[in-house]
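Reading through the structure tokens given below for one structure.
Every chain is named by a letter (A, B, C, D, E and F) in the order it is written, and numbering of its residues begins at 1.
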Amino acid sequence: MTSEALHTDTYARGKALSEQVNPGMEEALQARYDALVPGLSRTIVDVAYGQFYTRGTVDEKTRLLATVAALAALGGQTRPQLKVNVASARAVGATREEISEIIFQMALYGGLPSMINALNAAIEVFEAEEAADG
Amino acid sequence: MTSEALHTDTYARGKALSEQVNPGMEEALQARYDALVPGLSRTIVDVAYGQFYTRGTVDEKTRLLATVAALAALGGQTRPQLKVNVASARAVGATREEISEIIFQMALYGGLPSMINALNAAIEVFEAEEAADG
Amino acid sequence: MTSEALHTDTYARGKALSEQVNPGMEEALQARYDALVPGLSRTIVDVAYGQFYTRGTVDEKTRLLATVAALAALGGQTRPQLKVNVASARAVGATREEISEIIFQMALYGGLPSMINALNAAIEVFEAEEAADG
Amino acid sequence: MTSEALHTDTYARGKALSEQVNPGMEEALQARYDALVPGLSRTIVDVAYGQFYTRGTVDEKTRLLATVAALAALGGQTRPQLKVNVASARAVGATREEISEIIFQMALYGGLPSMINALNAAIEVFEAEEAADG
Amino acid sequence: MTSEALHTDTYARGKALSEQVNPGMEEALQARYDALVPGLSRTIVDVAYGQFYTRGTVDEKTRLLATVAALAALGGQTRPQLKVNVASARAVGATREEISEIIFQMALYGGLPSMINALNAAIEVFEAEEAADG
Amino acid sequence: MTSEALHTDTYARGKALSEQVNPGMEEALQARYDALVPGLSRTIVDVAYGQFYTRGTVDEKTRLLATVAALAALGGQTRPQLKVNVASARAVGATREEISEIIFQMALYGGLPSMINALNAAIEVFEAEEAADG
């Protein structure tokens, strides 16, 4: 995409993606946060989804595995977001083994505790999948 | 690879990879560090290269982009290692745009300062490439 | 205050402030920690309250909003202390919207996960207020 | 501002602010980064300036002191950004003593090394001011 | 140990130590993680126990107190691993007061929140000891 | 020491220690920082030296090795303070090999980049010793 195209209708593009991967997300954020922080929900859709996730250049699976890597290395403080991104990586075709492998390597950069704690978070996502499939 | 194969000759496998991507690395580490920490150089080759980087499951380019993501999100304290991994990602075929894109997305997880500082480190690697090519 | 005044009776000044904002704090710390770390409770009162919080130069509301900002950016590991400081900021007149706004901006420096997790912690404090008011 | 107003013309609002506090910033970012990350400069203006810094609710001085607090607590990895925000805090009327006081308090949350290193960064900004005034 | 000795039979040496301080650990790791990350359990035994913990040069008690210090300073994200290392420090003769003293000092480097949260984790270990003794 | 003794004349005790290990430190801090942060120098002497370093319970060498461990694990942002503490550890009898060994182990908790960067900082201290001895 050209720079101009990248900044045309960022909210609309973000909304399309967020509805696809996480239906109802903007409304849920709005209900919980917008009275305190007016427009928070729209900024998340516009910025995170419209100005970052939909940029292209790297495919979705690589982008999500890179995100999982970063959140694992940053340590347990990002656990809820790590679980969301592990689920998203699964949704675009990453196998459990690929996700786990990327997390395992983070032992070298974020240390062993970050790695084990992140792997435990991923396992919770995998077990929820099985429960849903079961 | 089976678990058994993964742990056979980890030093030899690590040595083969480190010589390919970074010739003379073990000797350089040995000369600088082993008098203080006996065996540090061999542990790096055996562990980082033999027991992590050569595991397979994910391709080298994805593995290196995930590593770049993690080091960018962890912030400027890992600058020397970020530059090494940016160069390695280039060596296995990642474009400058792909590497920069992954770093850009880290603004969402590690903050704007980490992102800009990591992008500056990557640009130094790209400029050194051009100087070498020139 | 002059430098001399700042270091006169730091324990007494700290005690006065801690009794005002958090009655019984020193005794609670003493009961829980001082058998293991003799004098921990007195050091907290003397140092945190007497040598930092009572220094003046910036007003209490600004000081507490800055503290909320730092704890939010540092991520979920400081959740209990973030909640205490959100409550203290409320006690000196900060509105829920001001506190939430400061936390929201931390998305730029500590990343989106830190921001959302900190906002959730603040909401718990606000809900406890309502329950107490109710 | 209403949520609707907050998201109308975010780029235009961001551009107005960035030109005021940091004239030529978008062009400088564009020249350095946009070939690698198309649109990075516009995203910074739209998001950081248009969707965060111009939101209101807290006054500019408080917002900048809170930002200085967060960057100080996050440690030396954000040094260039800390210096920019110290200068911005000065530009909206914060005294050197207020800025230094906020940084000093961060010893309690980010540790003594973060505090001293951040204070050294602030002093560089103050010395540059004096050189410019001289 | 010579560098050669340090790298002979690292798995066997690691296994001997892990069986002594944490009987059944490799099997537990294997059951939980190896289907996702083949060989993870063996890498932990070989690397953490065989190539780090058994190196000598510093005595076990100092090594474990240094580990407790690092995990406390890194903050609450490493809580499960902090508890394991507090228990290990107890097992090699560190008193509760020594462990608590080392954690207390970390207030200077990791901040007050990290210190208090780490002390709370240590107290859980001490209380479990008493329950077991009781 | 009893809790009472621990809090009697903390400034005097801190001053005695700081003069012993780092003569002239308070005056140097005063000259550089006290105009901006009145009393900063006295707080460092009173708190860090008087209320932490002189507590006893663990011997000085263990205390300093634990500090080196924490600063190494926290990453490159604490480099100046790491170097000061490596020098202090040397001054109370820690060998270069012991210091390096403790830093090496931090690879497991703070990651490989933190470890290598900390080891490089320590080597600078060791080389300065040799230059001074030469």
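Brief remarks on what is shown
The rule is simple: a contact is a pair of C-beta atoms (placed from the backbone, for glycine too) under 8 Å apart; a residue touches a chain by one contact, two chains touch by 3 or more.
By chain, UniProt protein names: A, B, C, D, E, F = Carboxymuconolactone decarboxylase-like domain-containing protein.
Every value quoted in this text rests on a predicted model; they were computed, and no experiment measured them.
Of all chains in the assembly, those touching chain D and also chain F are A, B, C, E. Of all chains, F has its CA centroid at the greatest distance from the CA centroid of chain A. On residue numbers, the D-F interface is repeated by C-E, which shares over half of its contact pairs, out of the options C-E, B-E or B-C. For chain C, the chain with the farthest CA centroid is B. Here the CA centre of chain B is 32 Å from the CA centre of chain D. Chain A and chain D have CA centres that are 27 Å apart. Measuring from the averaged C-alpha position of chain D to that of chain E gives a distance of 40 Å.
Residue positions of chain A touching 2 or more other chains, listed in rising order: 48, 55, 71, 73-78, 81, 97, 101, 104, 108-113.
Chain contacts in this assembly form a complete graph, since each chain touches every other chain.
Interface residues of chain E facing chain C in the complex, by the touch rule stated above, are 75-77, 96-97, 100-101, 104, 111-114, 116-117, 119, 122-123, 126.
Per the touch definition, chain C reaches chain F in the complex via residues 1-3, 6-7, 10-11, 34, 38-39, 42-43, 46-47, 51, 55. Against chain A, in their complex, chain E makes its touches with residues 32-33, 36-37, 40, 44, 48, 71, 74-81. Those residues of chain D whose C-beta lies close enough to touch chain C in the complex are 48, 52-53, 55, 57-58, 62-63, 65-74, 78, 81, 97-98, 101-102, 104-110. Those residues of chain B whose C-beta lies close enough to touch chain C in the complex are 73, 108-113.
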